[in-house]
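A, B, C, D and E are the chain letters, set down in written order, and residue numbers restart from 1 in every chain.
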Amino acid sequence: MTAYIIRRLLTVIPITLGVLLLVFFIYRVIGGDPAARLAGKNATPQKIEQIRKQYGFDKPKFFNWQEAAKTGSPAAAFDSQFWHLVGQFAQLDFGKSLQSNQRISRMLADGVVPSLCVTTPIFLVELSVAIALALICAFYRGTRIDRTFVVVSIVAMSISGLVYIMMGQYFFAFRLRWFPVWGFESPAFLLLPVAIGVIAGIGGSLRFYRTIMLDEMYQDYVRTAFAKGCSQREVLFKHVLKNAAIPILTNVVVAIPFLYTGSLMLESFFGIPGLGRMTVDAIYTGDEPVLFAMVFIGSVIFVIANLVTDLLYTWADPRIRLQ
Amino acid sequence: MTATAANSAALAAKPQTLWSTAWRQFRRNRLAAACLWIIVIYVGIWLYAESVYWTAYLRDVVPSYKVTDFDARNAAPSLRHWLGTDFTGRDNVAQLIQGVRIAFEIAILSSAILIPLGFLLGALAGYFGRWVDNAIIWLYSVVDSVPSILSIISISYVVGRGMKGIVIGMGLVAWVGLCRLIRGEYLKHKQRAYVAAARALGAGHLTVMLRHIAPNVLHIVIITFTLLFPRFILTEVILSYLGVGIANEPSWGVMINDAKQRLWLGVWWELGGATAAMFFLVLALNIVGDALRDALDPKLKTAEGSAT
Amino acid sequence: MVYYGEGGDIKGFDPVKASDTETAAQVCKVYEGLLEYDYLVRPYRVVPRLAVAMPDISPDGLTYTFRIKKGVRFQDDPCFPDGKGRELVADDFIYAFKRVMDAKTLSTGSWIFAEHVVGVDEWAKASEDQSKPTDYSRPIAGFEAPDRHTLRIRVTKPYPQLLWVLTMQYAFATPREAVEHYKDDFLNHPVGTGPYRLKEWRRNYRMEYERNPTFHGQRYPAEGEPGDREKGLLEDAGKPLPIIDRVILYNVREYYTRWQMFLAGQIYSAGISKDYFNKVINQDLDLTPEMSRLGIKLHKTPEMDVFYIGFNWEDPVVGGGKTLEEAARHRKLRQAFACAINQKQLSEFNNGRVTPASGPITPGIAGYDPARQYPWRFNLDLARELLAEAGYPDGKDARTGQRLRLTLDMGGAGDAEMRQMGQLMVDFARAIGIELTMNFSLQAEHWRKLEHKESQLFTSGWVMDYPDAQNVLQLWYGPNESPGVNHCNYKNPEFDKLYQRILTMQESPERTALSQQMVDVMLADCPCAFLYHRLLYGLMQPWVANFKPHDFPYPNTKFYRVKPH
Amino acid sequence: MENTNQTLLDVRDLRISFFTDEGEVRAVDGISFSMKPGETLAVVGESGSGKSVTAMALTRLVPSPPARYLGGEIIFKGRDTLKLSPEELRRVRGAQISYIFQEPSTSLNPVFQIRSQIAEAIELHRRDVKDVDAEAERLLTLVGIRDARLRMGDYPHQLSGGMQQRVMIAMALACNPSLLVADEPTTALDVTIQAQIMELLKELKQKLGMAIMLITHNFSIVADIADNIAVMFRGKIVEYGPTQRVLHEPQHPYTKALLECIPRLGAHKHRLKTINHAEIEAALGR
Amino acid sequence: MPLLEVKNLKVYFPIMGGVIRHKIGEVKAVDDVSFAIEPGETVGLVGESGSGKTTIGRAILRLLEPTAGEVRFDGHDITHASERELRPLRKQMQMVFQDPFGSLNPRMTIASIVGEAMKIHFRQMDRNARRDRIAELLRRVGLKPEHMNRYPHEFSGGQRQRIGIARALAVEPKFIVCDEPVSALDVSVQAAIINLLQDLQEQYRLTYLFIAHDLAVVEHISDRVLVMTQGKIVEAASSEEIYERPQHPYTQKLIAAVPKAF
């Protein structure tokens, strides 16, 4: 078991390296270096050259063979842009944003709370409502109630999230003044974005959880439970729910890393100073270090979340023995 | 019961393929059948839009939907312009029709990238296992760990903006889901006795992989395509909002994005028109996709959840 | 009194990095320099701020001597011993100037002194050594402090722009204690002498300032332009600044949201989107009754900027050309393109919020002459004629019969207004038979393309750093080619020679004439098609007083007043 | 067992159909039989003969849709279970008629311990039992599980197939049912285990005296245990009578053929009889 | 010379574990098994699920890689033969599988299932010849040639098993491993398939390795019986001997478990 956990933890390394390589390749290799941007609008070519040197943009991208051949030490081959980045990240030093000059670790720390303030309630409300509705669907499976829920959830899924946000903000905040239009001052400011987030996402979740529940409904053990004399409700809440918990858990835990990245759209429209918005900004401005850091942390959390899923699996499903 | 059904079926006149059985089941779902008609109508519009585009292209003239009328800009709906005109006086209905073309082109071209990619990698991983599997799992874990919107934008940053960027971006990101499903199916099928039978006859790995197993998992491709189609359309809206959308042709995402500011002026028809055009197609595709899955492979768990 | 406004993304509060207008506006609330622009008087003039008076300039124009106000204290801050702000001295300026030149701070402002002030370049070079911290005790010959309150600046050759650049945030006094105390975090802890101090900053969301209790004082100006008194701008004349106690700025990203917040009274000022324009502004370019009824005030001011479509001089189709014959044909093509741009329609499209540009020199600057005719103003016949002469009759290559296709790069992808304007450009090109493909990039990509000379046609603009023609003319100076500011990569020896001349000339009619001559040289080659100068339309809530539009408005919040509402 | 002569179960003209794409499939096509308390009835038939549907139908366990109960009566202890309310039906299931199924590995809920699965059966119908654990242990011991107390904490997958089936039986016996329906209880098990389970059923029947309805496709396992045999073919009972008579003097050609096609130990390499289904169907007049 | 000779065959499956997923143990599915089959003979292999009998069958056909030991077929050592070397031999040994649902590719018509072997091994055969031969094979196993264009799901379990047999016969093999060919079938169908296998053996002089868990069936069809438990063969004797004088306790247990004749 311990060996399994350690092994799974170690997979973080190749995946993270891969992610870094991917993003590095896109932004640094193909995107060119950002020295001129750092130098400002009136910069002289000399200044740009100096910045290139200072940031190490003049070094080879992946391997410094030249240096290695010269000094004869294989370690010198790693004196390159990519491996410097790797070394830096290994020490959890993400450097500074090109755009805001801030330490990225600080930006992350500042942004994660607002992001979680929005995503966590959305996640929890959506999860509990979707599961409750999915149970109702399973209870009334094949009836008009079930079909209505399915159709409504597909309708809800078919509207662009952007339209939900725009319409929601326009009608409920601006026209009706039920909610503040914009801001991040008190929990009241979160009501509308959370409500919109839940409505935009619930269709998909409901449909997914319903499928899982219905799958379980046709298992042999359900027949046994009925043969014992269990009522619909007992079968549903006791037998089916606990079995369905396993696929649901997988789905849920894998969604957790995305809580951390926040919601791009909601954050931009409602002025929530979270990581989603920070990421969008970084995309717009080509703020490489921020993107590197976001992607890096995102992938680490993602891999860990996957590990947690597997561990929860054993907890929820006694059939699975990890060796 | 199944055996009885099979026996009686054996007496049926025509050979029954999986497709004909599935089609019969699909047809019984009235809603899905109706939605199929909606899709057919959209396909018709798409073909019409293509013809408009290509005619203009081949004649080297400006296509009608691009003809601007500066003095008639931002017009309200009228008999001439059912949904009014846009900021340069182009007819909104004509724009919406071209939006159908763009939506179909995006979906089809992205799929043309992701389906072979996802299928091949999934098949290789599932069939060969061991290090091939490990390498492919590594690859898709890497792709999967980066939020998809970020990846799409990054890729389009490299390959260029507009249609090309979106199509390649989405294609290179969305293959993971299909790859997982295909890999799982291959893992399952390679245990089946018919694979052992083929091997015992001396069939090579490639033959087994492509001629024997592939037809058994092909329906997943179709289901994935119908379920991804609406996702592509919805993602395009977000990409447009983020500024990596289509630039030189009218797309729904761009239209929604353009119309959002005029909403304040009570100009609801622009946003409403684009939203409705998109909504009906997405809805129809979602319902048909669902019904297809129920008909072809009810146990298949395709990934769901919101893209944002 | 609280002021609610909008603030953008900023790069922190370190003056040496304040390269954009948003950051400058925030830095200027806390820090101050030797000089600043007069708030009300036009044309712009520079008045002393931390200097007691305007400097003494030696007759050869090479030495500037400033006397610094006594008794000015930095704001109270934990970085000082016992937390009390120390008195400002001349060395604080020298320290600040050295930080601008220090390679390790990566200041975006080193150009204000580089190659001008005696000894700065050697000092900057020495600071590049990454192995040890920069030695700030090493002197720079051009910056001297003969006594605690005197600062002497020596330049190598006449530097007429010096007084302008000294108003810029790069030249603001910073206390060494704060830099050394906060280190990396200095950019989040501004410690200045200015009217406000930063109370709270939630990045990407909200900034809050409060009155600096130890502010050395400033009074509302008593003198203005004609008409200012009628507008009530002089009601507070002589009152101590700042007038408003607290300033709260929100960073609202979505224009749509911003507008809703303005209407809801949550923020006090807003720009006007093209899409709302008709609702807010009537035919006569004044507020609609609906808005007037709300008491909302409209401000229209020309901005000191210029927007243009650049042609990449190195492009094989539109560039400078390799042979003389090619050069001539390409020039005609560029001119044809420029002639096809319907500036009037462009202005109409922007609801009259722009003035057609006739050249690079912006209104309000010596050398700008509204009477001058732009040689390539909209003229389709001329455009077609030029195009035919360039070898593309009806937009088709005379040799191959292929339609001419050009690509125009635009930044600001995702911005609906940009995209719509792009559509207009496509129409303009189409009118003479050229097929124009728009290529919208994110800001960062757009820069990259320009830096790497990858664009064919591109849109760009320049916002003036100071009111002097030289600041914009540098955009066509050959040695400034990409990655420098000359993104057209335009090269013309005649132009370059003239540029070098005006660089060191004091402002004079002769210099203005030379600038105009440079413009003529450049316009003949047509390395870019000029579009417009923006007119700023701003809306103000009725309860905001003392607002006057300004091209360098960074420190101006201190003048505003909020009436009870 | 006060009224030994009374009929425990009386099925009359039961008809159940499934409606599928191909049309109606008559799973149970008008069958009638009856059982006395303590009697063991073996229902023998090939797959698709409708024997499982019959068994499940006794307490309306066949989900409807897709099945439809078209007619007939199932009189259990004087009441027609087809007419009982869902609530009444629940009180019959598990308490008076209980079931064991073919696949013990999937029929047990994989995520619950043995303890709670048996306890659930007890708690559902026997509110008076104080010490549920002790009762569960007694039941497990009864079905021949050693170290019952220890095993109770196990999950189903930790047990072998034979053990799982014993747990199923213990669960079925939890409320002393009058009728135990065993639906192919040994098909999924290895031969040696198969014998053990049949032995156990026989033993329990003697000990507890409940009636057993044994559904199987295998004649060879019923000889020892069944009192009566009903042979089903395509939804109909083609032969019904005492075990010895059916086995030794089969009347119906189908029964005869079925008996003759089984390979027997010691009868090496003779040619086996086969069944022509079409002929039999023709004989049945369908 | 025996047609098939298995010497000290071992098939172990590794158990992976630990941090770097190295082998921490192994499952001895087949543990040191030796036997031989003479031409024309039917050898029964009986044992419970998990005893390793199916693994032996698959290892002989090299569908699994043996860990150790030797498999000789018709005098060739095929234990380590490459796929190419195996190809001609694949023509001579075939397999019939247990699961009538899984052993036929649901997306292939009967014609292509049966015809595939011919495509691989009789390349020179043209379309029509192949169709004729498929028809002939289908008739031979008791199916109608007009079923050729149908799909497996249209057939009953017994019919499917016949198709599986036709597929095996298509290459004209000498030796067929029958891996529990009747376990999943109804008794009546089981009888028909057993009869068919016996008929075919006579007609084509086939050699069978007949794997099953049902001793009665094995005893019925086989000349000799091998009894297997936990990866080892514990008893090998002629059918009569096994039934009349079982030696090993496990064999005795198996015989005891078979319900007595009625």
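In the analysis below, contacts are C-beta pairs under 8 Å (C-beta built on N, C-alpha and C of every residue); 3 or more make two chains touch, one makes a residue touch a chain.
Remember, predicted model here, so these are calculated numbers, not experimental data.
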Chain at maximum distance from chain B, centres defined as averaged CA atoms: D
A-B or B-E - the one linked by more C-beta pairs in contact: A-B
Chain with minimal offset from the mean of all protein Cα atoms: A
Intercentroid distance (Cα basis), chain D paired with chain A, Å: 52
Chain A and chain C: spacing of chain centres that average the CA atoms, whole Å: 38
Centre-of-Cα separation between chain D and chain C, whole angstrom: 89
CA centroid of chain C to CA centroid of chain E, Å: 85
Residues of chain E engaged with two or more neighbouring chains: 157
Where chain C touches two or more other chains, by residue: 256, 260, 414, 442, 445
For chain D, residues that touch 2 or more chains besides their own: 47
Chain A-facing residues of chain C, complex: 9-12, 14, 17, 19, 103-104, 106, 108-111, 114, 128, 130, 184-185, 187-188, 202-206, 250-254, 256-257, 260-261, 263-264, 266, 414, 442-445, 447-448, 451-452, 465, 474, 479-480, 483-485
Residue numbers on chain B that touch chain C, as the complex places them: 60, 62, 68, 70, 87-88, 157, 160-162, 240-245, 247-248, 254, 257-258, 260-265
Chain B to chain E touching residues, read off their complex: 3, 6-7, 9-10, 12, 15-18, 192-194, 196-204, 212, 215-216, 218
Contact set on chain D toward chain A in their complex: 59, 61, 65, 86, 90-95, 98-99, 101, 103, 106-112, 120-121, 124-125, 155, 157-158, 168, 171
Of all residues in chain A, those that touch chain C in their complex: 31-32, 34-45, 47-48, 50-51, 53-54, 96, 99-103, 106-107, 110-111, 114, 166, 169-170, 173-174, 177, 181-184, 268-273, 277-278, 281, 283-287
